[in-house]
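Order of writing sets the labels: A, B, C, D, E and F. Residues in every chain begin at 1.
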Amino acid sequence: MRAVYPGSFDPITLGHIDIIKRISNIFDEVVVLISHSAEKQSLFTVEERMKLIHEALKDIKNVKVDHHQGLTVDYVRQAKAKVIVRGLRAVVDFEYELAMGNVNRKMAPDIETLLVNASPEYYFISSRMVKDIAKNKGDLNGFVPKHVIKPLQSKFAKSMNKGGKK
Amino acid sequence: MRAVYPGSFDPITLGHIDIIKRISNIFDEVVVLISHSAEKQSLFTVEERMKLIHEALKDIKNVKVDHHQGLTVDYVRQAKAKVIVRGLRAVVDFEYELAMGNVNRKMAPDIETLLVNASPEYYFISSRMVKDIAKNKGDLNGFVPKHVIKPLQSKFAKSMNKGGKK
Amino acid sequence: MRAVYPGSFDPITLGHIDIIKRISNIFDEVVVLISHSAEKQSLFTVEERMKLIHEALKDIKNVKVDHHQGLTVDYVRQAKAKVIVRGLRAVVDFEYELAMGNVNRKMAPDIETLLVNASPEYYFISSRMVKDIAKNKGDLNGFVPKHVIKPLQSKFAKSMNKGGKK
Amino acid sequence: MRAVYPGSFDPITLGHIDIIKRISNIFDEVVVLISHSAEKQSLFTVEERMKLIHEALKDIKNVKVDHHQGLTVDYVRQAKAKVIVRGLRAVVDFEYELAMGNVNRKMAPDIETLLVNASPEYYFISSRMVKDIAKNKGDLNGFVPKHVIKPLQSKFAKSMNKGGKK
Amino acid sequence: MRAVYPGSFDPITLGHIDIIKRISNIFDEVVVLISHSAEKQSLFTVEERMKLIHEALKDIKNVKVDHHQGLTVDYVRQAKAKVIVRGLRAVVDFEYELAMGNVNRKMAPDIETLLVNASPEYYFISSRMVKDIAKNKGDLNGFVPKHVIKPLQSKFAKSMNKGGKK
Amino acid sequence: MRAVYPGSFDPITLGHIDIIKRISNIFDEVVVLISHSAEKQSLFTVEERMKLIHEALKDIKNVKVDHHQGLTVDYVRQAKAKVIVRGLRAVVDFEYELAMGNVNRKMAPDIETLLVNASPEYYFISSRMVKDIAKNKGDLNGFVPKHVIKPLQSKFAKSMNKGGKK
């Protein structure tokens, strides 16, 4: 059974890695899928994100990294997978995932969305908070893997000169 | 008793139509009110939205469509209505509606807000999700009425050339 | 239009009265319906509850008080009403009402449930909290109408001797 | 991959069946596990519940029904499964499942809990609501499978004579 | 400044201890207050609970343990404290604490309730879950302090013979 | 004990003032901290916000107003405070504060975040809603202090000419 774990991973956090490790024990293959779109601004390019994810997951054998522009269900179907996995941290996540899962089931009744609780120690980590901490020169240890810290700091060192990034 | 059902209806979805049909059985007249403002970007113009709503509701006799820029309570008072109706889908909606309802009651203690549960089958539909699906060329059946599909698709066909729409 | 406002009203609180007053401005007639069942223990008998409600609402002309054992939709249908009104205080209420409303619509598609926000100043009042305060000899002013205070205190004066009431 | 779907199933509803069908498409085997305990009162005996579940699932090949008294993780481990599946309907469910999932992971780090959204049309159905409807002689179609209706009605016909069931 | 931390502590968990330690750094004195009532059944007696709490907190100097039957605000006032501290784990907690805090402020406007987030690693622990685990002979390490494990196990060893405890 | 109450205060509302008054009774000193950043657009400048806050709090002796760009924990540490106070209105607030509090504790384990319930009558007021009302020429009494009304109205009088403010 192949499962797809979609997200923006801008950048990958310790919370993402925890979920990927856990689901890689359950499914034969896990595809970490970077969902992107022309309109949505990101801090890292798709290529940078792929590289950071690959480095973070190099010890897990049954994981593949890919990227996709468009509906997740279209990717899942074409990848011949039947399962989308999403992490849950809070009620706001839960309601969004509930709606998204139902939309996906309406468009692709053969594809199921399974939700996985974030581990308590990573419950409060999001890519957005991580970017806020980096922007404010806070300590990133415990939020992202070691190899992500420097690239993340550089982004905001650069952005200082060109006016910030939201 | 006249009730006002305000929203941005950008565009009208099957979820909106379900609520309008249900409340048109309770109140003497239902005014579907397009709330708009100069600053808030929309996909469809007010005129386009009115036309799509009219077409969707042509079989319901006691429904009127109107538009308004400014506070909903100002419209309701001038329309000599006493009731605002709002649909609820999720906790996030609920809390927003709670706050909005209280703000409105503070400004206009004579006007009541009544909340109506979305029907389960439409629970997960929002104008925003519908636009996302359209942007990604997904199947819009089951989300919006038939006559809305084509105009919605055209918007994103056009926007392809000029850089997307959020 | 006739609306039914069901509840256990064990006893009626200032929160209930606020909602009844507000909806009596909207509907032609409001039926305050005491829902009871043989198995569910209550502090006040149905007769006592009816008396306390009548006293509380004596100034509102278009209100009727009644009681019913069984499904609310059965009462509503037989009363030739089309609307059930329920008050909302919190997310927990909201989710319960959402489920109840859907169950009722499945059993009686012609009956609608409308939800009304509790006013902020009564947001935190429930019959259950009121009973807890009374049991612990707390000050009941601001929670229940004046004429309910004494009967409520007497219940717990009595219950002291026979071992408490949950 | 074997998954365990635990619950009290007192009785099985259309909501349970929907989730079982959906997860039986993903996992090699699904064990529907009746969790019971000496202290927790139930309407149906374990034997009755097993029979009603078997009948409901007779067309799904990779489903097994079992029962267990004690911690679910103990059963899962002994059954050599690695996955617990739970359905989600509301925020209250979500928070309970979050806590339960974390407790289980603390006791058995090798076992994962996956959460599945109830389908919108079954979102509002619970065994508890179904029992309430049966007790009040309401229409059970659309809530439980056909073969559950009669046994459920009989329980409350009987309980009439011996004083109700909570 | 003296703060009161009320609860049933039946029994004290690692989650309680974490909150007590954290608030003992902020306030001059923290009173851990066992709230009990004649009607509410508990697993441990008040005396047993006090002893377990004392043992758990013996290294914190500015903590006092006490017990009280009745309204918490009555105790707080008589103890010349101005602050009630409560822990938060979930939305359900939050809404209950919101209502309780408002009830308390209505009865005692001079007393404030401050809420403290449970630490992520204790987020999912409650006295209730701990009792469930003990009842089912699960591993209690990581949920309660070492010295609580044996007394907790004994309670359920005993209760086996007399029919269980809820 | 010194406590820091951070926010954008764009502008200060009656809800903020209520919380500041209440916590100034508990802590020796309360620092009202305007958190700002170069990227985040605001309606009022930091200087204007400070002036409006000073005027609003002139009768409270133990309150100081300050502003800071960067992580709140950095300010708190440098101000030799140990407590951050945040107000809570809704579940959405609660979850955000939960995450923020945990991020702050990870970066600064010696600093605690205490949460205070908004009073029911101010529960629904936010700077954002206040700006919406001002933009739409609604009545601002009961939302912001008297001296804030005029400056707020002027902002939107001006913005009319230059194209609005979100």
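We take it that a contact is a pair of C-beta atoms (placed from the backbone, for glycine too) under 8 Å apart; a residue touches a chain by one contact, two chains touch by 3 or more.
Owing to the predicted nature of the structure, the values given are computational and were not obtained by experimental measurement.
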item	value
Touching both chain D and chain F (chains)	A, B, C, E
Contacts common to chain C and chain D (chain labels)	B, E
Pair in E-F, A-E or C-D that repeats B-F, with over half of contact pairs matching by residue number	C-D
Per Cα centroids, the chain farthest from chain E	B
Chain centre separation (chain B, chain D; CA means) in Å	38
For chain A paired with chain F, centre-to-centre distance based on mean C-alpha positions, whole Å	32
Inter-chain centre distance, chain B versus chain E - centres from mean C-alpha coordinates, in Å	47
For chain D, residues that touch 2 or more chains besides their own	91-92, 95, 98, 102, 120, 123-124
Those chain pairs that satisfy the touch definition	A-B, A-D, A-E, A-F, B-C, B-D, B-F, C-D, C-E, C-F, D-E, E-F
Contact set on chain B toward chain D in their complex	91, 120-121, 123-124
For the chain C and chain E complex, residues of the former touching the latter	89-92, 123-126, 129, 133, 135-139, 142-143, 163-166
Chain E to chain F touching residues, read off their complex	1, 22-23, 25-27, 82-83, 88, 91, 94-95, 97-98, 101-102, 105, 110, 112-117, 119-120
Chain F contact footprint on chain B (complex, rising order)	37-39, 70-71, 73-74, 91-92, 95, 98-100, 102-103, 106-107
